[in-house]
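One structure, pasted below without further comment.
Per-chain numbering from 1; labels A, B and C assigned in written order.
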Amino acid sequence: MSLWTQSIVSGLLSGGIYAMMSLGMSLSWGVLKIINLAHFSFILLSGYFTYQLAFSYGWDPFAAILVCVPVFALAGMALQWAFDKLRVSEFESLLLTFGLFIIFESIASTVWTADFRRMDTVQNPYQSQSVWLGDIALPVPQLAAFVVAVIVAFGTRYLMEKTDFGRAVRALSQDRDVARAFGIDPHRVAMRLAGLAAAFAAIAGVFIAMSRALWPGLAVEWFGIVFSVVILGGLGSTLGTLIAAVIIGFVGGVATVVGGPPMAPLAIFLVLIATLLFRPQGIMGRSSI
Amino acid sequence: MADLRFEDLVKHFGGVHALDGVSGHVDDGEILGLVGPNGSGKSTLINVLSGHYEADSGRVVLDGEDITDRPAHRIIEMGLARTYQIPRPFSTMTALENVSVPLMFGAEPKSPGEAREAAREWLEFVGLEAYADEPITSLNLHQLKYLELARALAARPRILFLDEVLSGLNPAEVNESIEMVRRIHDSGITIVIVEHLVRVVTSLATRIMVLDRGKVIADGDPGEVMRLPEVVTAYLGKRAQSA
Amino acid sequence: MRQRPWLGPAVTLVVAVALWFYPNLVDAAGWPIFYLLFAYTVFFWVTQASSWNLFTGFSGYFSFGQGAFYGVGVYALGVLVVKRGWPLLPTFVVGGLLASVLGLFIGLVVFRLRRLRGEIFALMTLAVAFVLGAVARISPTIDGGQGIPLSSVPTPDALGTHPQMIFRLGLITAVLAVVVVQVVQNSRLGWGLFSIRDDEDVAETLGVPTFRFKMIALGLTSFLAGLSGAVHALQVSYVTIEEVFNIRVPLMVILMSILGGTRHWMGPVLGALVVHTMSDRLNRAGLEAVSDIIVGALLILMIVAIKEGLYLRMRERPLVTAIGAAVGVAAGFVLGPLDSAVTHLAYTLLGAVLGAMVPVGRRRRPQSGAPATQTIEEVVGG
């Protein structure tokens, strides 16, 4: 019984990291119409940066956020700038970022090798700490990721609904030319949004480094999870992404109890198929796909 | 024989009621003029009848058969072809290849080789034979509209929907095009033509249907319909505003 | 070419017959066995790239699923022949068919969607290889995480020694794939796919049965990929989940097809030859680490700069290409070391490719007029 509860709770909690990984993807695809596979590289590299800062300079993993967020936000903006310059179509973006993904992956395996990299308990004291709810353990890294993801999701929602920037973004997602007619500079808005998306990737990377071992092939494993979350949540919907991430985390947790860890991707994939068959616009999506 | 009826067609785009319960019919052998101010739903009606869009509700019946939920490729096979108001040529193909595509499909599909030969004739019909092997980037807007026409004709339709193929032409070209439409009609094809130029519609159409904000506001003899007060206010009033 | 649809397949078959005796030549001349295995690997990639191009190049639907289809073929052979003792030849076909079932299942789920079909198809195919890996890991009947040794597979003697047999099986599948793509390219199916690539909605309203055509093409693509995977299993001594269901195969076929060009059957063939030759030489020179970076960079370069691909570009400018190839041959002699004919081939191909890429001669066609923007104004102006 307690194994069940424990696994389901950890599943739900890992929804926090899934949400953090997926939010930027959803924004980029839903609003910028860019399917950014380099997003996964940003997550991975941010994880490695966190590891390296702790390993070489003894930084607290939380402090790594201060470095990773600006670095990857800038990288995301630079990428968006290049996309705008090259007038990349939605499909070409997929291919271009696939090329980048490959490059980043082989850089990662050159620099950090194909071995597992993990901070030890001195560099990362959090990985062995838990908050106890009765006899259920809530590991600190996952819990922190969950809390941050909820804050970020609601913060982004506020940003999108209540601010000028959000209005500009929404205009942009409807129609670039109309947005321009209202005095919005699509390139500037797109760059800022891309920076935001990449910043989310950076945060996700920090939490991943805190909670598990890293290796270059990890990024490929995230494809299925993140796309399931993004599609289930509805493209561009922040709240939908958060809820979908928790659902996916829950499904993965249950599947792990029932059939062991390899069952999780299969169960998640089935959720994705069911979504596409029965509710292709996602749980919070407005327009039909 | 071609007998097309449609009942209570509804199509919404978000909050826009592009079609708001449109009923009507196309009789065999007629030239039906479909008119209405900008945004009144003319193109949407063609899109729904040709299967390009799925209607939210309503029915389309051809020769007594309900074709509402048929996929578009089955509808053209049954004899309903259309042109696009904004030409949508296949961008990586030559003009000839564009026209040969519909010839390879439909009720009497041809092999790609035969289709190319037959496509040449349709290009000649619309006067584009000189552009046969050119990429479509070398065609201007009028030529692209004629290419649309050739492509639709190549499908050998019984009913042809023409969505503003004549708009933007100079008077001489308009006369030429009117003649072309007559020739198409004389070959036994029923025509539904959308046009803003009143001169064109009244000189061609045997009947006129007027749409306004997704509803049919008049239907009947060309001369009479265009004089009805509601048509004058809806149609000309809007046109005057937008001008 | 389009007016003479039989020409391509005829040439392919003649070339195939000639190549059939290449192993005898290698044997008689006393060349190293590597010359056979190298050629086999080129055939393997020609098959995979052509198969990918049949669906993705022609229809425009982007697929990352090549690795999954290929992997189904590899595992079909591993499970059915090694664990169940099935005869070899029927299992090749079964491998292809199983891959087709997977492809058609994905198509059935995704092609019914109204919007974003293309994007979601791409992402589904991206995720599916990983999911298959998970399935294989869970199921002890497939793999169970142990891997399957394949070196003991009994092979027929009719096709010669083991390397000769591998070569000839590879040749047969490659010829099959190329001929299928050639036939499709000149058929109603091909034209239907091209029109889908250009504008799927218009294709449908002009009579193209778009759903059926996509399913047929995807079925063919996945069949060829699975078949080729099953054959390739004979060349592998030990199959593991990590080595099969990874991003390698899709990456390579995408690069090969994009590099060679997706509009013509020759594009992936040329791309496979060039990319495999280059990466083989890079690996031999101990540059494996940079070879992925080069691959990624090349992919980006092609998309940004040379969208039509190398084949059409070479056809448009045969002279510079020939000069480039000649320079390549000469450079090979000067720079050396020409320890192997493959190195020589690499220099020649590199020269031809660089020659074709050099921005001289005919520029891109000027775009006369701007129909799109003009149209909107005209229409609004009534």
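In the analysis below, contacts are C-beta pairs under 8 Å (C-beta built on N, C-alpha and C of every residue); 3 or more make two chains touch, one makes a residue touch a chain.
Every value quoted in this text rests on a predicted model; they were computed, and no experiment measured them.
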* Any chain in contact with subunit B as well as subunit C -> none
* Among the chains, which one keeps its Cα centre farthest from the Cα centre of subunit A? -> B
* **Most central chain, judged by mean C-alpha position against the global CA mean** => C
* Asked: What is the distance, in whole Å, between the centres of subunit B and subunit C, each centre taken as the mean of its C-alpha atoms?
  -> 42
* Counting in whole Å, what is the centre-to-centre distance of subunit A and subunit C, each centre being its mean C-alpha position? -> 32
* For subunit A and subunit B, what's the span in angstrom between their mean Cα positions? -> 47
* Asked: Of all residues in subunit B, which touch subunit C in the complex?
  -> 38, 50-52, 71-73, 75-77, 82, 84-88, 90-93, 97, 100-102, 104-106, 109, 111-113, 115-116, 135, 137-141, 144, 151, 155, 164, 167-168, 196, 239
* Which part of subunit C faces subunit B closely enough to touch in the complex? -> 2-3, 5, 186-188, 190-192, 194-195, 197-199, 201-211, 263, 365, 367-369, 371, 374-376, 378-382
* **In the complex with subunit A, residue positions of subunit C that touch it** => 60, 62, 64, 109-110, 113-116, 118-120, 122-124, 126-128, 130-131, 134-135, 137-138, 145, 242, 246-247, 251, 254, 258, 289, 292-293, 295-300, 303-304
* **Contacting residues of subunit A [partner subunit C, same complex]** => 29, 35, 86, 90-92, 94-96, 98-103, 105-107, 109-110, 217, 220-221, 223-224, 227-228, 231, 235, 259-260, 262-266, 269, 272-273, 276-277, 280, 287-289
